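A, B, C, D and E label the chains in the order they appear, each numbered from 1.
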Amino acid sequence: MDILQVVSPLVCTSRIPGLDRVGLRVLKDRNGQLQVATDPVGCHPGNWVFTASGSAARWAMGNYAVLSDLTIVGIIDQWDDGQTDAKE
Amino acid sequence: MDILQVVSPLVCTSRIPGLDRVGLRVLKDRNGQLQVATDPVGCHPGNWVFTASGSAARWAMGNYAVLSDLTIVGIIDQWDDGQTDAKE
Amino acid sequence: MDILQVVSPLVCTSRIPGLDRVGLRVLKDRNGQLQVATDPVGCHPGNWVFTASGSAARWAMGNYAVLSDLTIVGIIDQWDDGQTDAKE
Amino acid sequence: MDILQVVSPLVCTSRIPGLDRVGLRVLKDRNGQLQVATDPVGCHPGNWVFTASGSAARWAMGNYAVLSDLTIVGIIDQWDDGQTDAKE
Amino acid sequence: MDILQVVSPLVCTSRIPGLDRVGLRVLKDRNGQLQVATDPVGCHPGNWVFTASGSAARWAMGNYAVLSDLTIVGIIDQWDDGQTDAKE
């Protein structure tokens, strides 16, 4: 499971039915590489989170019909990447 | 889910039955790396999109018999990679 | 799905039963990185192809018992990587 | 399966139900890249371990309902990366 | 499927039940990056092999209960990476 930081929500009106009404977050890794994840936890910009990929991402949404390949599965209580402190 | 930009349709007459009659798009990431994805959304060159990989790519086509491993699942309303603005 | 170029067939007499009698191809990406794929399409050295990975690779062989994780799913009609022209 | 070294437990009070009561470890590879894995083996900081990813990670927990995509599946008896000796 | 060279067996007394009694090999790629794979073929240090990942790795063991995510599926008859010749 990867360790990533929440950047912002993702605004996206045109999406497939399988992602209808699901909260999407833009995340970045330590190199600034961006990804999009579904969020069943309720995290905020600046939070450090870890994510599950593959079919676990769909089970983690509590609904296998959600067609995500990356889901936030936990907010890290305390994380310091040397630049930013993340507090839950 | 990765964030990629649509480059062009892919012209490919010789393909397996499982990809028959499916729209294919060439996408690139910020480093110029190219990939091919199936498109159930209907996007255009220049659009910034995000994609689902793995088995989610097949479910996202609305037909598990479509043998894709990468499917466009949404068009991002507004995206600026510093070089190009993507409008839905 | 990745875009790769066919280098050669792979000669391999010692293999698991699940890959018995399957055509194998060595492919390379633009950085020269090599991979092995199963080929249900019938492609030739120099062809540019695109590939499906994961469980889609097995379904793409038309036989889920073929234990591939990478299968050629189409030959690109025209591709120019700046070095080589690929013609179907 | 990747070879990684255990850094520390991960403290994370806010997590999805599918990871409830599961031991989480922060691991690093030889480049210092960090990941989070579930631990059914019981390893300690400094141990060199190897991990299974994908759906194997869930089966490896002995409970498919654990929504991990990376699980520690063994502790390496002796490993020397040139910097650190790992002893079981 | 990746092309890798066998380095050595992996000594690992503490492992999950799903990898009990399975032969493990340390493999390296051309950049020296190491991985661990299960071996149903019977290969030797110095052999060049190719591997299946994901769920194919479990099927390739002939036993889906073996919790590998990387399995050696064939020994390449002849391979020259510019440094080492591999003979079956």
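The working rule: a residue touches a chain if its C-beta (ideal position, glycine included) is under 8 Å from a C-beta of that chain, and two chains touch if they have at least 3 such contacts.
The structure presented is a predicted model; accordingly, all values stated were derived computationally and were not measured.
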item: Partner chains that chain C and chain D have in common; value: E
item: Centroid spacing, where centroids are CA-atom means, of chain B and chain C in whole angstrom; value: 20
item: Rounded Å distance between chain B and chain E, as computed from the means of their C-alpha atoms; value: 33
item: Per-residue multi-chain contacts in chain C, two or more chains; value: 54-55, 57
item: Chain order around the ring, beginning at chain A and proceeding next to chain B; value: A, B, C, E, D
item: Residue ranges of chain A in contact with chain D within the complex; value: 1-3, 40-41, 50, 52-57, 59-60, 62, 71, 73-78, 88
item: In the complex, chain E residues that touch chain D; value: 10-19, 24, 26, 34-37, 54-55, 57-58, 65, 67-70
